[in-house]
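Okay, here's the structure, questions in a sec.
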């Protein structure tokens, strides 16, 4: 066992254990940051695997994503700090079985498969390779990703913010009035008192 | 070794500002030997400056217990606290810095024993052993986990309508940059205030600021004295705002200027004002922040009224001031910025009057505007209507853009 | 330099610079208040001793593990930031091929750590500080990433030593003039000072540190200074050519440049007023971030 | 290896800082009493725990930020090959910054860079 | 550290993630399960890339795409949760059964 192996096993243990603890802890903040720890450990394994850029970029991406995750977890979960411990699960046995089954099946598959060995050269300039790829053959993927992310920005802003172009999100869609400040045009939504309309 | 080093540090001091504290306290706080902390957790000595109300004693005890060991209390200019044996007391003629340093040194070396807690060593509610895990809670949100309830159930937010938990608490009376004595019950969602109720009004203006104005009722008083008191009062108000926007050094400079004005020294405010403007003080106050309507401005009177554009000032009718070509300065916007500019303008005007007529005397009983508006009738308008919807730092700016008399008038539980 | 000498030099550098900032702070505020400074050189040590002698506080139901870990991690992150920077051509503690990406990770993790520090105390003022910090810390990070990427363009590398070597003819501060000021703003934000003190300001009674006393507070305050040092060291290397310079040996140049950057940082932090977090967030997104775009285009056109 | 250096430093500082906190706490043996644990609110005591469903005022901004941050992932490798690729890379950057600018402008128009 | 061990670790992450996705009631925890599964996928992708593909650049790109998917999932997911919460104050999956009607 050399240093790389030891480091790998340590990071692997951190990744798996903290990934598991995510679903056992009561505090939402702890859960988010445990998941972050799992990601960071995987990122560091990537560095060991000669992918320094991907590994370290995983660290900073996941740090901010899990930070945002924590903000939203605390915002929407009752009892966010887990002061009253609670198990919020359903179909628990089935889920455990499914998880174990998938793990076992995949492991079996992995153990029986023979993989060809063609490791990346230790002195390969992987970041340069990635950059060339982004600007060369995979240009289309790259451009598509850019546009997709823009769409994501717009969509998430539309969905999450209250004040939109057509009024506030929680008042529902109301057609514009015929004159400024007037009643909304079109058919009025029926309300409890609206039954009177049917009689005339 | 550690003790000897620690004993030479500036004294970490948390100040509980009582009412009618002497100006000597302000001089004390300007000393480089003193480190005024923002929270009792960072302090070793609790300084109680001036008298506190009987109803404030419980708050004071709580703060005392929040200080980490080693800790001591220092009473200043106060007849209360006689029942507390271990409390240190300083007469106003002592040099407070020397006595504070001695107390601190003894505290560090162990010669002065650290004070024990004043409130009972009990959790706010008994919780041990209750609930499924012995944590005192029940279900998801019920019970008293670790002795306290969970936050209040959700109500729609006043800014964006999202219904999340509200956090209701009393705040005050001894917060940094908080009107001394004021206790508010504030409801937060996040850091935005949803509602606020006055529990205890702030302390009225201090005696030191009103001395020349009170004296005028009985005897002929020098105009210079009156105007110096006005300038000093305004400078202290400005100092608070300067601290709040993160300019503590300029704030100390303003306080030092105020002390020098009181000591009859000749000073210039323009350099401070320039330095503050260059640091972006005006830009730090959002335009329109803390704007009050015309009715409230008129009822408050004083600088707040003039900041709203009403040139109403008792000095306009005084023959002595008329001879000096006095015309009230005004602003137009009636927001925090305008009130700050008004303080600066009035302080500068006051010092100009002093230098224009250093020997002028005002006759006994003459009507002279106080630095605040003492003679305005009580207002049926609560301070707390100004705060909802504001983020916490904005709320503090709004609170500190009024003088204590105006705040008392807007928190009408007790006549100022 | 052997690794041991390097490690000792690195520790001395970190401690010395932290002390230097504390001294500068004292001198600067004394000058601004117009009074003589009080024991300027020894005051930081006295304060350390005071905090070490104090009892460590607890609150009613804190997240104790994270509360104690946060200051330690914050200091550790600052340490790795300093380790990225070479003292001279051949002596660098962490010769990372993707150095500036790691610096990005340091910034991101700092946001997490400061949030944890404010969250863990279970007190409203700490929470306000933590949430304010995230609002400012996240967008400021983007600015610094753009600025560092701009510096990486002429070097054709993400490693800090290569970026320094690319400045042999001309320092980046001249080639890319907007970079250094934008990066200094990041420094103020990472260690929450002056106009960017949204985490620990006095209007929330010390914010994330409002409930902390004793040794944990000492570690926290030291970590703030260490983080400022890290920012200044990276700035000195990426924009001022690091160890490059005539006559003097490389490490001396690095120390001198770092000290100069720190002087600018301390000055800025005392000189500017703080605006409300909401307005600061708008300012960052609508003014500073577009400015960093302009900076990147400028650097890109020059590098071709 | 660079990673080893980084982790030795991180580990040493974290361990040292934790040790310092522990030793200092051991040296002072005063117990933290219940009245001392009350969170500081200017002398008042809170009615409830402060941990709440905290209303994050900038939640829309954070969502925009995540997408924004993802674009940064592409920029680092791009910067390394920028000089070698020349004008093509410049055009690429133009597209990139255009997309990000549109995102910012949209967010600004919707007012998400303010406290909601 | 061989490809087999790396893949087993990845499989463990995927298994735990699947457990989380299936068992958690709240939306946000459910998303954490999904992310953990993607974490495993990313590890496996980099493992293949590094040890059998000889550093083919597209392998790295695949990982970046996985990360982008994660970012999109998070941003849109949280935006949806906000929209739903605004209207119904539901934060668990059962709270949305009325959507079926």
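Read from first to last, the chains carry the letters A, B, C, D and E; within each, the first residue is number 1.
As a convention for this text, a residue touches a chain if its C-beta (ideal position, glycine included) is under 8 Å from a C-beta of that chain, and two chains touch if they have at least 3 such contacts.
As the structure is a computational prediction, the values presented were derived from the model and not from experiment.
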>> Using the contact definition given at the top, which chains are in touch with both chain C and chain D?
In response: A, B
>> By the touch criterion stated at the start, how many steps lie between chain B and chain C on the shortest route?
In response: 1
>> Please tell me whether A-D or D-E has the greater number of C-beta pairs in contact.
In response: A-D
> What is the chain whose Cα centre is as far as it gets from that of chain A?
Replying inline: B
> Which chain's mean C-alpha position is nearest the mean C-alpha position of the whole protein set?
Replying inline: D
> At what distance in angstrom does the C-alpha mean of chain E lie from that of chain B?
Replying inline: 52
> From the C-alpha centre of chain C to that of chain E, how far is it in Å?
Replying inline: 33
> Just curious, how far off is chain E from chain A if you go by their C-alpha centres, in Å?
Replying inline: 6
>> Averaging over Cα atoms per chain, report the distance between chain A and chain B in Å.
In response: 46
>> Can you list every residue of chain E that touches 2 or more other chains, as numbers and ranges?
In response: 64, 67-68, 71-72, 74-75, 78-79, 82, 85-86
> Hey, what residues on chain B touch two or more of the other chains?
Replying inline: 39, 41, 66, 68-69, 123-124, 145-148, 150, 154, 160-162, 164, 167, 169, 175, 190-191, 391
>> Where in chain D do residues touch at least two different other chains?
In response: 3, 28, 30, 36, 38, 40-42, 46, 49-57, 59-60, 62-70, 73-74, 76, 79-81, 84, 89, 107, 115-116
> Hey, which chains are touching each other here?
Replying inline: A-B, A-C, A-D, A-E, B-C, B-D, B-E, C-D, D-E
> Okay, in this complex, where on chain E does chain B touch?
Replying inline: 82, 85-86, 89
>> Quick check: in the complex, which residue numbers of chain C touch chain B?
In response: 28-30, 32-39, 42-43, 45-50, 52-57, 60-61, 124, 127-128, 131-132, 194-195, 197, 201-206, 209-214, 217, 270-279
>> Touching residues of chain D toward chain E in the complex: what are they?
In response: 59-60, 62-64, 66-67, 69-70, 73-74
>> With touch defined as at the start, can you tell me which chain A residues reach chain E in the complex?
In response: 4-5, 8, 12, 15-16, 19-20, 22-23, 28, 31-32, 35, 38-39, 42, 45-46, 48-51, 53-54, 57-58, 61, 65, 68-69, 72-73, 76-78, 88-92, 94-96, 98-100, 102-103, 106-107, 110-111, 115-121, 124, 126, 129-130, 132-134, 137-138, 141, 145, 148-149, 152-153, 155-160, 162, 169-170
> Okay, in this complex, where on chain B does chain A touch?
Replying inline: 131-133, 135, 137-143, 145-146, 150, 160-162, 164
